[in-house]
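Each chain gets a letter, A, B, C, D, E and F, in the order it is written, and its residues are counted from 1.
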Amino acid sequence: MEKHILVINPNSNASMTAAMDRSLDKMRYAGGPKITCVTLAEGPFGIETQRQADEVTVPLCALIDRNKDKYDAFVIGCFGDPGVAAAREITSKPVIGLCEAGVSAALNFCETYGIVTNLASDAIGEIRLLRAQGLDARLAGIEAIEVPVTALADTPEIRASAVAAARRLGERGAQGVILGCAGMTAYSRQIREETGLWVIDPVVAAAGLALAAVASVE
Amino acid sequence: MEKHILVINPNSNASMTAAMDRSLDKMRYAGGPKITCVTLAEGPFGIETQRQADEVTVPLCALIDRNKDKYDAFVIGCFGDPGVAAAREITSKPVIGLCEAGVSAALNFCETYGIVTNLASDAIGEIRLLRAQGLDARLAGIEAIEVPVTALADTPEIRASAVAAARRLGERGAQGVILGCAGMTAYSRQIREETGLWVIDPVVAAAGLALAAVASVE
Amino acid sequence: MEKHILVINPNSNASMTAAMDRSLDKMRYAGGPKITCVTLAEGPFGIETQRQADEVTVPLCALIDRNKDKYDAFVIGCFGDPGVAAAREITSKPVIGLCEAGVSAALNFCETYGIVTNLASDAIGEIRLLRAQGLDARLAGIEAIEVPVTALADTPEIRASAVAAARRLGERGAQGVILGCAGMTAYSRQIREETGLWVIDPVVAAAGLALAAVASVE
Amino acid sequence: MEKHILVINPNSNASMTAAMDRSLDKMRYAGGPKITCVTLAEGPFGIETQRQADEVTVPLCALIDRNKDKYDAFVIGCFGDPGVAAAREITSKPVIGLCEAGVSAALNFCETYGIVTNLASDAIGEIRLLRAQGLDARLAGIEAIEVPVTALADTPEIRASAVAAARRLGERGAQGVILGCAGMTAYSRQIREETGLWVIDPVVAAAGLALAAVASVE
Amino acid sequence: MEKHILVINPNSNASMTAAMDRSLDKMRYAGGPKITCVTLAEGPFGIETQRQADEVTVPLCALIDRNKDKYDAFVIGCFGDPGVAAAREITSKPVIGLCEAGVSAALNFCETYGIVTNLASDAIGEIRLLRAQGLDARLAGIEAIEVPVTALADTPEIRASAVAAARRLGERGAQGVILGCAGMTAYSRQIREETGLWVIDPVVAAAGLALAAVASVE
Amino acid sequence: MEKHILVINPNSNASMTAAMDRSLDKMRYAGGPKITCVTLAEGPFGIETQRQADEVTVPLCALIDRNKDKYDAFVIGCFGDPGVAAAREITSKPVIGLCEAGVSAALNFCETYGIVTNLASDAIGEIRLLRAQGLDARLAGIEAIEVPVTALADTPEIRASAVAAARRLGERGAQGVILGCAGMTAYSRQIREETGLWVIDPVVAAAGLALAAVASVE
């Protein structure tokens, strides 16, 4: 029977959902699992605080609970991994978070990794999350583009900031960079071309892990 | 253009290559990347020592070097990750090893993981490898089936040993188990059914990561 | 001006709030800070899952937000430290969680510590929390009394279970034990008397840290 | 019966003892434990080397031994934690050191911490101590005021150095700073006001932990 | 000019000094450095507590201070490494401790190591020391012979206890064992013969490191 | 019977073997073990890649296998520790690698260490090796002289680069530096004289450890 993966954007910014959706086209194959992206209507426009991350768990878990029989795997499309641990209590099906997926995938491509994040103040929470996930040993650094998640857009200025952040990570020893927000997909190719570093889009990484997961359960 | 992933079995046991090949059928999609499995003719029948793991690097790197323009990603199909670091010097395309792929994928599905290995004496080298990879923080334990890689077969006795090893890992706190050898794929379903634990086949995990990698680069 | 510390029981079990309140009598001094305990009416009767821990953040942060000008420090009285990181965004006043307070205090009294927890299945989440908090290096183990938080009561049977769990921790090398639930205060003296181990009641530890914190800001 | 906490300044600088004493006034309450500060007459004027730290153990342990029945808890008032492990063998009552107390308390208020120390050369020994205590995971850095402990005084120049050191720690990612010497108490308020960082006075932190400890034993 | 290494037994048990002296015969060569063993007259008969370890620093540092111009390297012959950090402040010549030397040497011969210690209660302090030294990653365990250092003798019963402790370490995964007391040298050969494990005598290891050190400075 | 240590230069640069040989003169004593240096004819002129390091295992293990009855200990004279784990499977006699020996010896002389390496790009592999060996806790940094191993020579320019790299390590907090290549021996004295730092020549350190090892087995 056809497998079906649900990717949930836990913020209510539909254009970010649309960007993820486009980005996931590369992981959709004729005979392969179906990948559907949805926006969590109850989410904030952007998840910028730990309080928002915790609070979004309520509608997010409700959505997963309502849909747990309809899908074979779930991706929570936010780099703070909100609700991932909680959702894993609701369903025994795979629930994949962007930070854990992006970083764990990155370890297969680069000996050391960096994270391109929105704001410098994100770093403390991200390091705490990486420590919780046991994934901090090969972290080279975190560099910010200083554009909040709610202001992300595909402009030359923001692209240039993303390239500059990636370049600083390379100077700090990173062999690859992880895009620290589902809304940064559009900068992927330019970062790769201008820095020569590996660029890991955590949305695509999560999809690859989800494909492997749903295949395993047959 | 169609993407093409090469999975190399670095030992010369063609039946193990065939098993991987069958297992990868779940990751082959009509419009998706082609996945080809080959046997390294110069490899030993089974890689059982560190010396064999190091020595196999010579023909393995030669094979990757000869084929580096023909494929988009390489999977080295042995849980000791022989030649992975060396191969990454030869090509800038993804080179994925089974241990790193299996463990990093497992972290997305289970808070703690265990490894089902061939022999108890494998554990010391595996722990050293996990420490090198910075992936040891969530390890619950390693348990052996006490069947050397060269004697692996799909018999009821060996299946029972694999289930028993997985059960012991569950008792030690593992939420999921990684099959510590490409030749253990056949036991996957039975372990899951009898223990209720997540079972990660590193060959499938590596394929999922490879799909994400080749999709990212276009 | 008189300092005032608010201790919030984030579950709605008023008898647990009352037990904390009695236990905190030892930390109330004539001229010292006032310590008030409240029950979070919107909380579940007991917080038993990560989902409940995340979800309780909504009313918990709202309560702290409404009261942030009235109190000088906040203690969140649940060992899973729900909402602690989120609440710290709402106020720059001290917000103290029971796990972080209990473990960090314990390190001052015992070289190695153990946790007496409700259910064996709590251990995985607690270890993850300790790893996030960077407080896992001196952990000797976690042992369960196998009584869920909602069924805690001061009966001889449960006391005996708590003593037995503490004794097992001593055998695993713990010099002291932390009561892993605000509802275990009543067993404190008996565990100390029967095992000779240090017993850290995290509610009292949190109060000590809160006294130091409010004194520092004068 | 009234509880009594003994704070021992292990160096023979009586003005430093007096400063601690004043600072502890905030932790003295009408009905609360009595807190007495004493100077170790046999100590050096300032403890500046590991040799002094080790040697002071002889009179320090003798003093605790003589007084072990008279007090309910002991604080050793030096950031190098001299004699703490040894003193814990002499009495089963709480023996609290300033580094362990200051850092463990700080973890409850700030995700990352820094230490304001006397001399840059202190850092190597402090990092070794933090590693021994398992408290180094959240350390952001150590910055020196370049005034030896024997020359500490409450002058505008030294205050400015302390503020500058704290500011550098903030730039390195610290959310709070710990005063790395019992003699730095006087700079606390100014650092907080000029940098906005949490300031942890380890003498006050130790007193808070001691209050919790003596309350627990009743 | 002839090099001269001073090995100091910091306890006053002259028969233990004599045993070290005999053991070091293997490291004395015709044209090589002279190795002299002395007993610290002021030391206790055996160092059994942290208080003794700290207190012995006074006469130990005095002895090194008096002799710092006469010798080219110093070995402090006690597994608790008393006074090592302090002595390094007195002289810039090598000062080597038995625990650090034994463990660091062991890492060159065995992937995992264990320690045969006197009493089970030693383990907590030893683990703390190993954590301070950053040498705990490859520790398989610590097992006691339950004979205090002051009662060590070369009897069949104690030899059997030492062999049994080593065997338990082997079962816990150790590839080699370190004798956790300068007084255990006599059991070395028998442990090796009966268990097949590597046996590291830290006195000999320290001498090897001292030979390298004095050769380096020419 | 006379003991005999074989030092193998796994690259085919005979002048580097000669330099090691001269350096080891300090560790040769009239009545002591014989130390013989040989060049691995099949090795590359310099080992500069992981592929070369893995590939050299074939002739290196063959050489050790042919000679395993003739020698009492083996030193593999390359800082990447090629073939060390593999060679330990061939013989139960000590097999010592330069990185593990140099770093573990350094820990006995300096609280923090740095590595002077050939090229900045070496650092990532070296950090991975140190993580595998569990020896990274006290690493202060790695600094390069930017001269490839095949171009090492005893010129004033390269000496100056080595001194500069060591000085940068001192500024980053290293108390001692390890020469990260067997071909850097000649710079040892000048680095010590100009920087005042400990300088650890891993070839000499390995010899010291080998002397201790062969003495232990008597």
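In this text, contacts are C-beta pairs under 8 Å (C-beta built on N, C-alpha and C of every residue); 3 or more make two chains touch, one makes a residue touch a chain.
This structure is a prediction, so every number in the text was calculated from the model and none was measured.
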When subunit A is superposed on subunit C by its C-alpha atoms, the rotation angle in degrees, nearest 5: 180
Chain whose mean Cα position lies farthest from subunit A: E
Geometric centre distance via CA averages, subunit E-subunit A, whole Å: 52
Centroid distance [mean C-alpha coordinates] between subunit E and subunit D, Å: 33
Geometric centre distance via CA averages, subunit E-subunit B, whole Å: 43
Touching two or more other chains - residues of subunit A: 125, 128, 131, 134, 137
Each pair of chains that touches, named by its two labels: A-B, A-C, A-D, A-F, B-C, B-E, B-F, C-D, C-E, D-E, D-F, E-F
List of subunit D residues in touch with subunit A within their complex: 111-112, 137, 173, 175
Contact footprint of subunit A on subunit F as seen in their complex: 123-125, 128, 131
Partner subunit E, residues of subunit D touching it in the complex: 49-51, 53-55, 57-58, 61, 83, 85-90, 125, 128-129, 131-132, 134
Parts of subunit F lying in touch with subunit E, wherever the complex brings them together: 26-27, 29-32, 94, 96-97, 100-101, 104-105, 107-109, 133-138, 188-189, 192, 199-201, 204-205, 207-213, 215-218
